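Presented below are the structures under discussion, each in the form of structure tokens.
Presented sequentially are two complexes of chain A, the first with chain B as partner and the second with chain C.
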Partner chain A sequence: MEHDAAVRGVSTGTTIMAVTFDGGVIIGSDSRATRGGEEVSSKTINKLVQVHQRIFCCMAGSLADAQAVLKTASFQLNLHSVQMEAPPRVIAAASLLRKLCYHNKDELQAGFITAGWDPQKGPQVYVVSLGGMLISQPFTIAGSGSTYIYGYTDAKYRPHMTREEGLQFVTNALALAMGRDNVSGGVAHLVVITEEGAEHVVIPGNKLPKFHDE
Partner chain B sequence: MSEKHLLVQSEGAGHGMEIDSISSGSPASPSPLGAQPMQLNGCRSFRSMLGSPDISLANNAYWGIPSRRWDANAWKRQSSSAEQLPVLMSLFGGEMSLLRSPLQPPSPGFSFDLTERNAVLGRLLEGSPPPRPVKTGTTISGMVFRDGVVLGADTRATSGDVVADKMCAKIHRISANMYCCGAGTAADTQKTTDLLASNLALFSLNSQRAPRVLMAASILQDTLYRYGGQIGAHLILGGVDYSGAHLYTVGPYGSVDKLPFVSMGSGSMAALGILEDRYKPNMEVEEAKVLVRDSVQAGIMGDLGSGSNVDLCVITAQAVDYIRPYQESQYTNGRNRKYKYPPGTTALLSEKVVPLRMELVTEAVQRMETH
Partner chain C sequence: LSSNRRYDLSASTFSPDGRVFQVEYAMKAVENSSTAIAVRCKDGVVFGVEKLVLSKLYEEGSNKRIFNVDKHVGMAVAGLLADARSLSEVAREEASNFRSNYGYQVPLKHLADRVAMYVHAYTLYSAVRPFGCSFILGSYDLDDGPQLYMVDPSGIAYGYWGCAIGKAKQAAKTEIEKLSMKDMTCREVVKEVAKIIYIVHDEVKDKAFELDLSWVGEVTNGRHELVPKDVREEAEKYAKVKICCGTFWCVRQFCGV
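The block that comes next holds the complex of A and B.
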């Protein structure tokens, strides 16, 4: 098997993002997993993992590491929720991921975006980067494809968007990133999380918005 | 240079943006995003955490029945002073540590016991090249059809440039309702699937439940992740349980993907082309068998590491049809394996009988207890 210098094994090689809108968050990702930077090992991989009813995480980096961390974190989050007899806060999920990523930074190659809704603080977006940094932002982008859309997201983001505006924002951003980054592609997965619950929207590749040169 | 530094990763796969990261955590700081040699001692901590019983999901499935511990070192201590015995003992001791006890949580971290054995063997071989590990250099594929799952594999095992086994069995039985194809290092796929089969059998007996395919995939993922890619097992796991037919692929680093059709091994690209072209959901069984056979055949013809026959395994809720071989290679060398001559082949020319005179010297009768 080819050894990718940067990532061991299958890489999520991704574009992931999350944005808050009025009343909830939208978290989105592409669906391509690559091996060695040359071969697409899966066109339909699910990078959006539900760790609790209203908390989703998306993964970037080595697929094996990210899946292992998320399995551990969801188990611990569930245990925490049972012990507290209350649904966990989004910050709890993000903190668990941060703890795992930080204390094992020498062995892991995985980063995450955690987004969700809780009654205490409403919609929130957190990003846990490779080395274990945890910050909260109104919107965030990550993954190898994110470098191509910093300008777009900085220019187009507005606070207090509506649900439809938020969906359009995320769809456009993902489409632009998938168009330029070779290791991002496939379909666009979006999850809209509000007080009512989570709704999964899938946009197939051929239904993504097209831009000037396509 | 200040410890805080700005890192922007603009190439490579899947690394997020790291701003203002304090890098004091990594001594002798190579870029955390660049290629690091695997620190084998460091590997223990995250993976060892997965080995401890209150965290690993796989271990929650073991019903915690205590059993005798195989002490790998006890074998070595008891060995005599003979030169060969320590080798044998370490051979068994090394193996025992791997198989130590399926009921107990696996020991954390990566076990280096077998490197000791390899070093001893290397000294014994003294200069002649060590045997190359047998790889399956394979084409394996699988797909979900209307009533279940079809798995297919070629049957060539290679050791370097030589075909070590022309009729290697790559579809391993995990349980009555689950089979697993393995590509990569032959020993690794065999041992990993054997361990999984043993553990699931024990689980079944203890819980009186048939295991789910999801559980088997999860156990494989945990095991392979713990060894950080050192176990070269690329697996396709397929089966039917109460919730339907499922097909999973597990990589050597511990990544799992659930797919409607998949192929692995050196011939996977050739096989995938066929599957991508002709796969449809809810196919009939005969059509599905032909499609999987065609995909493996594409690997056999297009990949040097795959060859010989095609094995198929059709798993449905009612039965398992393990067809070995489904298709025989047309490139045999016509050699008869059996050289049995029918009675009468050798002509009898003459016969001479000489009776042997025997003299009865003593006679003793001993009664035997028969009940």
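The block that comes next holds the complex of A and C.
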């Protein structure tokens, strides 16, 4: 079963995304973990990992690989932050992930979205893809559920959104993806990161916006 | 001081009064070299080096003593030039690795500490000798502004607003202290740096010299580079006129302006 899942494709059953708004970023994900696309092994896992006070990551690909890479990168980021006597930059977190993904590309199947806020460059979103490409984007979506919402996010994203508009954008996108992708679902986890800090928002399944679901 | 003889043969030996003589001897090597100074001002850092020309056969501009460590970092050295060159490579690799690992350019304090740690390692063992050079690192970026650090053979790095190394460092420091550099721009400071080098240069003991000037700051958009020809000529002209104090021998030497 698990072998099939690995052979079938490298996106895990998941929907993850991050978007910048005026003054911060919002990173969001669903909460479903499945075994081979047949059984929901967890309804409410949190796929948003905090690597530092104002930097969060979400994982795509093999969860085992992603967790191992994230643990290593978190350690390196923390050491770096202590040496610099300053909070780490978002680009530093993303660069460490990239280095690990690129130099171990033969063994790993893990990709990441890194989002956060730092005093130098403000809100930023970075994507580290499977082979170790690192790019910065105003917003990004990933995971198996993301395929269903490319049209929505491309049409609805605007630069310099307010916090409320950003929250609405992410909530709607996640709800639409979870509504169509069988391996994404559960609750929507959102984290809003600004200069003030990180705030975790959870929207249970029955409170998600409905789109002609009757 | 023959009392040193028993404790000065290796860097791994302390003297009874708590000194490591090999490190002190390394600093003597720096004091025998010609002067290098650097001044940190409101919007950048300026380096000036008195490069003694030991032979007329040297190609002009050879034996540079100011190095580029990264786009935004410059390094001026005094002491054994070969040791200094090897350290400039160390600094370059540190800066480059940092950029590759973390995705942004290295903050100068961190770079200075890393290279200082490297220099310090060579003061611990009898199998190697300490580096016989001091160097000054300067940088400018939008996050930290202008920064200036100096590392000496003991492996210590301090931050400065102005510093001098080499044979005339005392005289140079006195001159630097007269400047109110926190309120000056690079364009103003470059002229003062040239003047200070000309002042401390000993016309009697050392004959010909070349003045190497470089800067990094808002004026160069954060890139460390040698100052352009026109700025250099203006600075040298200012220096020569300024130090012409009107005494007889001075007027003869410099006032061909």
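Just so we're on the same page, the second predicted complex is superposed on the first by the 203 of 214 C-alpha atoms of A that agree within 3 Å, B and C clash if a C-alpha of one lies under 4 Å from a C-alpha of the other, contacts with A are read in each partner's own complex, and residues count from 1 in each chain.
The working rule: a contact is a pair of C-beta atoms (placed from the backbone, for glycine too) under 8 Å apart; a residue touches a chain by one contact, two chains touch by 3 or more.
Computed from a predicted structure; not experimentally measured.
In the overlay built on the shared chain, the residue A:175 is in contact with neither chain B nor chain C. In the superposed model, A:161 lies in contact with neither chain B nor chain C.
After overlaying the two complexes on the shared chain, residue contacts for A:51 are found with neither chain B nor chain C.
When the shared chain is aligned, no partner comes close enough to touch A:198: not chain B, not chain C.
If you count the residues of chain A touched by chain B and by chain C, you find the higher number for B. In the superposition on chain A, contact of A:68 is made with chain B only, not with chain C.
In the superposition on chain A, contact of A:94 is made with chain C only, not with chain B. In the superposition on chain A, contact of A:190 is made with neither chain B nor chain C. By the touch criterion defined above, A:60 reaches chain B but does not reach chain C. By the touch criterion given at the top, residues 100-104, 107, 110, 143 of chain C touch chain A in their complex.
Chain contact summary for the complex, chain A toward chain C: residues 80, 83-84, 89, 91-92, 94-96, 99, 120, 134.
Remark: chain B residues 8-23, 25-26, 32-36, 39, 42-43, 45-47, 49-50, 55, 57, 184, 218, 221-222, 224-225, 228-229, 234, 251-257, 259, 269 touch chain A in the complex. Those residues of chain A whose C-beta lies close enough to touch chain B in the complex are 1, 4-14, 33-34, 37, 39, 41-42, 44-45, 60-65, 67-68, 71-72, 75-76, 100, 102-109, 111, 127, 129-133, 141-144, 146-147, 183.
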